[in-house]
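I have placed the structure first, in the form of structure tokens, so that the comments after it can refer back to it.
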Amino acid sequence: MSQQKTDIRSDMAWSTADRITVRGRDLPSQILGKLNLGDVAFLELTGRLPSAAESAVFNAIAVTLVEHGITPSALATRMTILGAPEAMQAAVAAGLCGLGSVFVGSTQGAAKILLAALPTRDAPGDLDRIAGEIVADHRARKITIPGIGHPIHKPIDPRTPRLFEIAEEHGFKGRYVELMTLIATHAEKASGKSLPVNATGALAALCCELGLTPQMCQGIAVFARAIGLVGHIVEETSRPIAAEVWHRIDAEATRHVRPET
Amino acid sequence: MSQQKTDIRSDMAWSTADRITVRGRDLPSQILGKLNLGDVAFLELTGRLPSAAESAVFNAIAVTLVEHGITPSALATRMTILGAPEAMQAAVAAGLCGLGSVFVGSTQGAAKILLAALPTRDAPGDLDRIAGEIVADHRARKITIPGIGHPIHKPIDPRTPRLFEIAEEHGFKGRYVELMTLIATHAEKASGKSLPVNATGALAALCCELGLTPQMCQGIAVFARAIGLVGHIVEETSRPIAAEVWHRIDAEATRHVRPET
Amino acid sequence: MSQQKTDIRSDMAWSTADRITVRGRDLPSQILGKLNLGDVAFLELTGRLPSAAESAVFNAIAVTLVEHGITPSALATRMTILGAPEAMQAAVAAGLCGLGSVFVGSTQGAAKILLAALPTRDAPGDLDRIAGEIVADHRARKITIPGIGHPIHKPIDPRTPRLFEIAEEHGFKGRYVELMTLIATHAEKASGKSLPVNATGALAALCCELGLTPQMCQGIAVFARAIGLVGHIVEETSRPIAAEVWHRIDAEATRHVRPET
Amino acid sequence: MSQQKTDIRSDMAWSTADRITVRGRDLPSQILGKLNLGDVAFLELTGRLPSAAESAVFNAIAVTLVEHGITPSALATRMTILGAPEAMQAAVAAGLCGLGSVFVGSTQGAAKILLAALPTRDAPGDLDRIAGEIVADHRARKITIPGIGHPIHKPIDPRTPRLFEIAEEHGFKGRYVELMTLIATHAEKASGKSLPVNATGALAALCCELGLTPQMCQGIAVFARAIGLVGHIVEETSRPIAAEVWHRIDAEATRHVRPET
């Protein structure tokens, strides 16, 4: 164990008897009533206030990730509230635990690819050539490119054009959006399949346009989904499904071993 | 196990090849770029869009709960990301797990008291008398009244006047705010101590003004804090403290039993 | 915030370059190969080694709680591993989050009732009268008595006689077991229904016989179930059901709102 | 969404009115009082009962992983119980969430290396040559070999010789133990540093000897630590440290920004 003390410091928030400061701003006078929840999330991640344009794009990113219906996460949350209705926070936590590599990780993965190719918004490079190389490289390694194709939303993911439209409206449809789009084009050409930019890829591109890191992409997905999971808890309370799901699945899963039906 | 199937239904969201609908609204055309994150949270909880006034008050409520600095939850999240940096969602989940009765539960508790006394915004009743009875009842049972008093923020919690100001500005400073304020007045008179409405009490009153349930109060606290915990993960990544905290506490906690220092 | 430092101390474990001590015992020479997992759990909870008799009863208690098949917790774990296969620990955590008041809490609840009536194993008192009062009190307050009755296991819960038999074999069928049994007898008489001691009640009685606290009852349930949830993850890996459950429930839950099937 | 139903089946447990079966065995008559907690864990993972020798080795593996003192996980659990004392299960869950790649993952990592080299216990191959290749490969890729070296336990990890002794006693000191030992020898020779097999490497080797998968290695670590975390909750209840840790760290972390001390 290290005996040499290193500094422990946090700039997230501090308070005294008459003041509460969040990210360097006075909470009552500079934040409350001035910033919406998405803007405060931007402040939390970056330490600065978003411009109006950044606010619009960032809120759209986060909003896209709130609610996806009956997902595995929503089911985990509903199963948890059934057993521990007194601990709603644990039910949200249970649902968040599954936001890993399979579902949410692809946004982060797509952002990593974009940032590896273009470390900054104005990094030089022939985007068409770069996209071709990314596709060729993934095909050679037989791995899927995150951010393109969708099992349900065909031929296009309806969120993508809208997200790109919002980005354009606010001056954030830049080289990351272009690169993501070119990756899809090259992947479609190479595979012969319909592989349009999906919501994950669009969100990754917009996060890069805003200068956010892949870790922040993941973080936005996590907190946005926390909102959705609270929504599911509210619905589960008024119109429960968890007990019925449990009973049905238990009955079916064990019917082969029970002596009687 | 129930053999009779009951209906399994959810109205949170659904999607088809070309459409994604959240809470009955078309996500691309009616939500993205139109609603901020707080408004979508309101939609998730209530199933309807907030008015501009509701949006202002609701966003202020949620924003208040995002970031409280180095809390036990923030420490739990930072300890978790230290061991599992590949699973950010689990680190947020770990931090949420502690948002129980001690810290966050008091908002819900205060809301329950307000709603028990005034089931609806325009329920009749002499608020001064009701407040007196609530205080007398809690004192007789020797239990703390949630929503008043604060160990640090004295003589007033600086968030409370600002939250009530925002409520007033938007037409939501009604009978719940009045009742909460009267409870504090009676409690101060009865105890002789400074027991002003704290942020928890103010938030509870505003939630009641908006027609939200105690469960929703708790839910807002949970998802708002998820945003803050992601912020802590971002800071921990660039300026880590978890390992130092761990090493120091471990060394101190076991120094009495180690044969050597 | 307190500026006066209080002592930070833990006696759970410590290590130096050549020694590792758990609960005051040398791990390599005094624990490894000498104690089974249940015995170490007893050591963790109580700070002392179990006698052979205590070991037998304690292991039986814990073993009873490991595996209950397709429970809501098992489903939450399986939903979580589907999304985050790289974070097994988070999947177990998700499943544990639901072990609250509804399912597991009843053991703790029954133990609290027993300990309130009999603070120690040899506390005096007419058990038949005490049991009658407990039943009358719960009936007057219209609340369920934890530890008796079972929706499936009728007329008896097959675990109960076996647990009491193990207790008897090892000298732990004492006044708590007797009181629990008398509570069931009185409840059956008062209600006219079959309300035998269920596994929960039997476990609570045995925990009290061993001198464990209600908190420890809850703790045993939590760690025992962690074992079972790992078992479910292993089965889910070789014979997955989570994706199928998800797809079916999603399809059914949203069929009323989709324009097409 | 798949419309074609696939089979939902689980063989973990099932129950009828008068029977409870876990992993194909009658819980009351074949498990309770017959198997200790470690044996039931083995049954859960493998679907079969351990031999006496397997039971001894498996229990030793699990016991090693129960308690490591004030770890980041223990701190996360203690921070969580401070805020939500009513939800112990959530506090254990919070602690488990951090058992990821940094601490616990190395057992799994070491097991993967051993199994890649020796798919079965009696797979042929010159172990000394294989070990040399593993070390050379990791050095060429500049990555750490999991399972060897320890920051505190020098020159040897005291758990390793004891674990290998237990394995030998029960006929499980086979080619995986030999290979792990040879990897350490080669690594020490190549690096010039002291890099003995640590507990992680020893546990991985024993898991492979028992025919367990890397996933099961991880699973054992998770459920064993759940026991330890319950122990920390019990200690936190009688001798709390969480609040003091929180207050100290908060005060230090924000002292640079506060206008007053």
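Descriptive notes on the structure:
We call the chains A, B, C and D, going by the order they appear; numbering starts again at 1 in every chain.
Basically, a residue touches a chain if its C-beta (ideal position, glycine included) is under 8 Å from a C-beta of that chain, and two chains touch if they have at least 3 such contacts.
Everything numeric in this text was worked out from a predicted model, so none of it was measured.
Relative to chain D, the chain whose mean Cα position lies farthest away is B. Pairs B-D and A-B differ in how many C-beta pairs touch across them, and the larger number is found at A-B. Centre-to-centre separation between chain A and chain B, using Cα means, comes to 22 Å. Rounded to a whole number, the gap between the C-alpha centres of chain B and chain D is 36 angstrom.
Within chain B, residues 1, 8-11, 13-14, 16, 19, 69-70, 84, 86-87, 89-90, 93-94, 97-100, 104, 152, 241, 245, 249-250, 253-254 each touch two or more of the remaining chains.
Considering their complex, residues 69-73, 75-76, 79-87, 90-91, 93-95, 97-104, 241-242, 245-246, 249-250, 253-254 of chain C touch chain A.
The touching residues of chain B, when paired with chain C in their complex, are 1, 8-11, 13-14, 16, 19, 21, 24, 84, 86-87, 89-90, 93-94, 97, 152, 249, 252-254, 256-260.
Residue ranges of chain A in contact with chain B, taken from their complex: 1-3, 5-20, 22-23, 27-29, 31-33, 35-41, 44-45, 55-56, 59-60, 62-64, 66-70, 74, 87-90, 92-94, 96-100, 104, 152-154, 156, 158-159, 161-163, 165-166, 169, 213, 215-216, 218-220, 222-224, 226-235, 237, 239, 241, 243-245, 247-248, 250-251.
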